[in-house]
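Both complexes below contain chain A, partnered by chain B and then by chain C.
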Partner chain A sequence: MVDSIFLAVSVLTIGSAIAALEIRSLIYGSIALMLTLSGIAGFFLLLDSPFVAMFQLSVYVGAIAVLILFTVMLVRRELIFNKIEDPRRRYAGIGLMIIVMLGIGTIIIGSGLKTMETSVTTVDYRKIGEDFLTYYSPALIVMALILTSSVIGALALARREDVTNEQRTD
Partner chain B sequence: MSNGLIDFVLVSVALLAIGIYGLAVKRNAIRMLFAIEMIVNSANLNLVAFARFIPNSQGQTLALFSIAIAAAEVAVGLALIIVAYRMYKNIDIADFRSLKG
Partner chain C sequence: MSTIAPEFRLSRFIASLTDIIFWILLIFSIIGLPLVFILLFYIKLPVVNGQLLTPYLAMTWMADPSRTIPIIKSLIHTEFFRIIAFPGFGFAALLAAATIFVERKFLAKIQLRVGPLYCGKIEGILQLMADGLKLMSKEIIIPAKADKPIFWVAPLLFVGTAAALTSLIPVAPGWVAANPNVGLLTVFATIGFFPIITVLSSWSANSKWTFIGGIRALHQMISFEIPLILSLLGIVILTGTLNLTEIVESQQHYWWIVFMPIGAIVFFITIIAELERIPFDLPEAESEIVAGWLTEFSGMMYGLIQLGTYLKLYAFAGLFTVLFLGGWNGPMVWPPFPQEIITNGITIGPITAHIPGLPLFDQEMLNGTLWFVIKTVGVILVILLPRGVFPRIRIDMLLHTGWYTLIGLAFVNIFIALGLLYAGVLGHGGLMQ
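After this line comes the complex of A and B, so read on.
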């Protein structure tokens, strides 16, 4: 059985995920996305992994959501409130969502996950640091290189001057 | 802790389905980025949930890697959206037709 905190966090997460996609204004949408990411951090806290929860809060809510908010503010005002979508495509999308939910949901409910026991021992966060520095140290170095190259690539893309005045004809 | 593993997995499935709906329906590039974030987050939730119940520390390690990679992906994606916005003066993906130039 689920407790009330889990129920509250899941309602917050799912509700703000729907709101992030459906609210008319992109600014409120990105704030709703921030709530979704905070809800995921709450799930991590419920799962006794505070280290990942703090990482999620600082990286997603602190950095990515603010970056998205700034990008939304760079876009013209009428595009923020503009909502173009085909209604038939929308119904098809809702159907696809329900099919995915019911399909994977029934498979998971039918599988043996329900009988999984709750273990009392939790993972110590010192073990994560040990993993990072011993077994995963090559992956850590590769990830640092990927982050550096993506930051350089993002800067080079966003600072290009030659695309400013180019007007497409087609 | 009274929550079972299946509760977390079901929440993650719901988030995945909402993300797929957003990717399929929305034509706004920034909203599609929102949907991608939701899908990545549902995968992270699965990783941490299974790591808690097995129990094993490597799921959390992989979730940390995944969060860092998603941060890089969002930075590059937003830069691409800004470049496309300067070119087409729009963020509707139906307008991003030509890749030349």
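After this line comes the complex of A and C, so read on.
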């Protein structure tokens, strides 16, 4: 059962990833990218980590994919892209991909993955939170500082001095 | 009177219906029944209790309540029933459909109009069915230069996402279609799909009205998702769980709206904005951009979008009930099932029928459902209320409200929750464990 779902999710993820690269229409390409990202969320669900899966969905599909769609829709695609039909590039790309995949595959197979313990219980999200506040608390503090500074920076950049509030009648 | 079918007579309509039924029965008895018996000749029928299960015996069993009620009871407790009927799609669609009618009458009463009046004689009670029939019989028009695959699939995706949202709402103790451990995160992930579907459908219709509406919807939904998520973090901090059922169980004594009124207000405003209702209905502003991102939808495609919108309304109202108003918790007002029917059976004249398997639902579940429905309908009415009162606001005011006021208030709410937790009012040794 899990194997068939795994196969289906793999086919969906890889197929839509290829489609995202190959489809000429940018809108359909971004839809395919969305499917890829959802497929990765499916992998996380299969790996018994729904917490990460839901964040994958809400951040990548709910925010980043929307951003990409929004950008694509506001840009006239003829102006920024011109097609370069060159079969040699395609074959070189496929060859490069095969080399990279083979390399990664040999590394993964040689890494002792087959002898790994797979019956580990699911990591509870409460445990993740506990770890964040105890052992990894310096990392949490650094992340919080970075995020706060970036939010303040964004607010400072987005602030417009020239617009007065007199236009508003509320 | 109607100008579309001036020759319409109800008697002729009923006559044609009976005509159709007559022909179906005739054809079935002449052709269908012999075919069934030919098929039965080849099928090996099972033997139950030493008796061959012929169709006649099966029908006899089906008509016997002492045999059917246990079957129905076992059906009720299947996953299928939960998804299709009770806490899932059927229940939500019923409430959503009722909301459409109640909204029209309610707004009419607020604005001293009469609302739907003619269809069904009594206060236009059949208006909804008439609208449904009209939408189903209308032609679906696809714009010539539309992107057809996305345009076709967008209404289905919209309804599907809204139904996925409703499936997460726990209605009664143990009665929920999907109960993931990270339920609240699942809600956030599901809400994130709505802007994508909206903007894709608006782009695919290839019309300027839909595109302007879609871009407005995108702005509005994305910017109000952030205060929506932030306003619920206070509850997560206080309960220490993301599971919606556990959040309801934590409110047995006090509702969270008592401790976090600011969070409740922020959440309420954000759900009005997410639902694109007045005063935040800029994506569908009918006086400026025809019907916004719904402009090009016609027939049942529009009907599906409407169904999805009202399913979403029910889901958000149910979410408000679950998170802030205590869900199914309430005093036990449902009467217990009469004990003598279980022990003595039902006596009608000389016949006494012993029906095993009763009651179908236990008292706790019925009571929980009653309280949940009362609270949810109350929230739905409060969501409908601004439509009769307020005008539409400008988009800069909307974004200003979302980004400055609501996010700030949501942070205030988080600090209130933290203060309550660390001051010992709630949590260990406090009012609630």
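Just so it is clear, the second predicted complex is superposed on the first by the 128 of 170 C-alpha atoms of A that agree within 3 Å, B and C clash if a C-alpha of one lies under 4 Å from a C-alpha of the other, contacts with A are read in each partner's own complex, and residues count from 1 in each chain.
Note that in this section contacts are C-beta pairs under 8 Å (C-beta built on N, C-alpha and C of every residue); 3 or more make two chains touch, one makes a residue touch a chain.
On a predicted model such as this, the values are computed, not experimentally measured, just so you know.
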| item | value |
| --- | --- |
| Partner chain(s) touched by A:55 [first = chain B, second = chain C, both, neither] | both |
| First, second, both or neither for A:63, with chain B first and chain C second | both |
| Partner chain in contact with A:34 - chain B first, chain C second, else both or neither | second |
| First, second, both or neither for A:71, with chain B first and chain C second | first |
| Touched partner set for A:109, first chain B, second chain C, both or neither | first |
| Chain C versus chain B, contacts on chain A by residue | B |
| Chain C-contacting residues of chain A that also contact chain B | 51, 55, 63, 168, 170 |
| Residues of chain B that touch chain A when the two form their complex | 1-11, 13-22, 24-28, 30-31, 33-35, 37-38, 41, 44-45, 48-49, 51-58, 60-61, 63-65, 67-76, 78-83, 85-92, 94, 97-98, 101 |
| Chain B contact footprint on chain A (complex, rising order) | 1-3, 6, 10, 13-14, 17-18, 20-21, 26, 29-30, 33, 36-37, 40, 43-44, 46-49, 51-52, 55-56, 59-60, 63-64, 67-68, 71-72, 74-76, 79, 82-85, 89-90, 92-94, 96-98, 100-101, 104-105, 108-109, 113-114, 116-119, 121-124, 127-128, 131-132, 136, 139, 143, 146-147, 150-151, 153-155, 157-158, 160, 163-164, 166-168, 170 |
| Complex contacts: residues of chain A adjacent to chain C | 27, 31, 34, 50-51, 54-55, 57-58, 61-63, 65-66, 69-70, 73, 125-126, 168, 170 |
| Complex interface listing, chain C residues touching chain A | 147, 150, 180-182, 185-186, 188-189, 191-193, 195-196, 199-200, 203, 218, 222, 225, 240, 242, 396-397 |
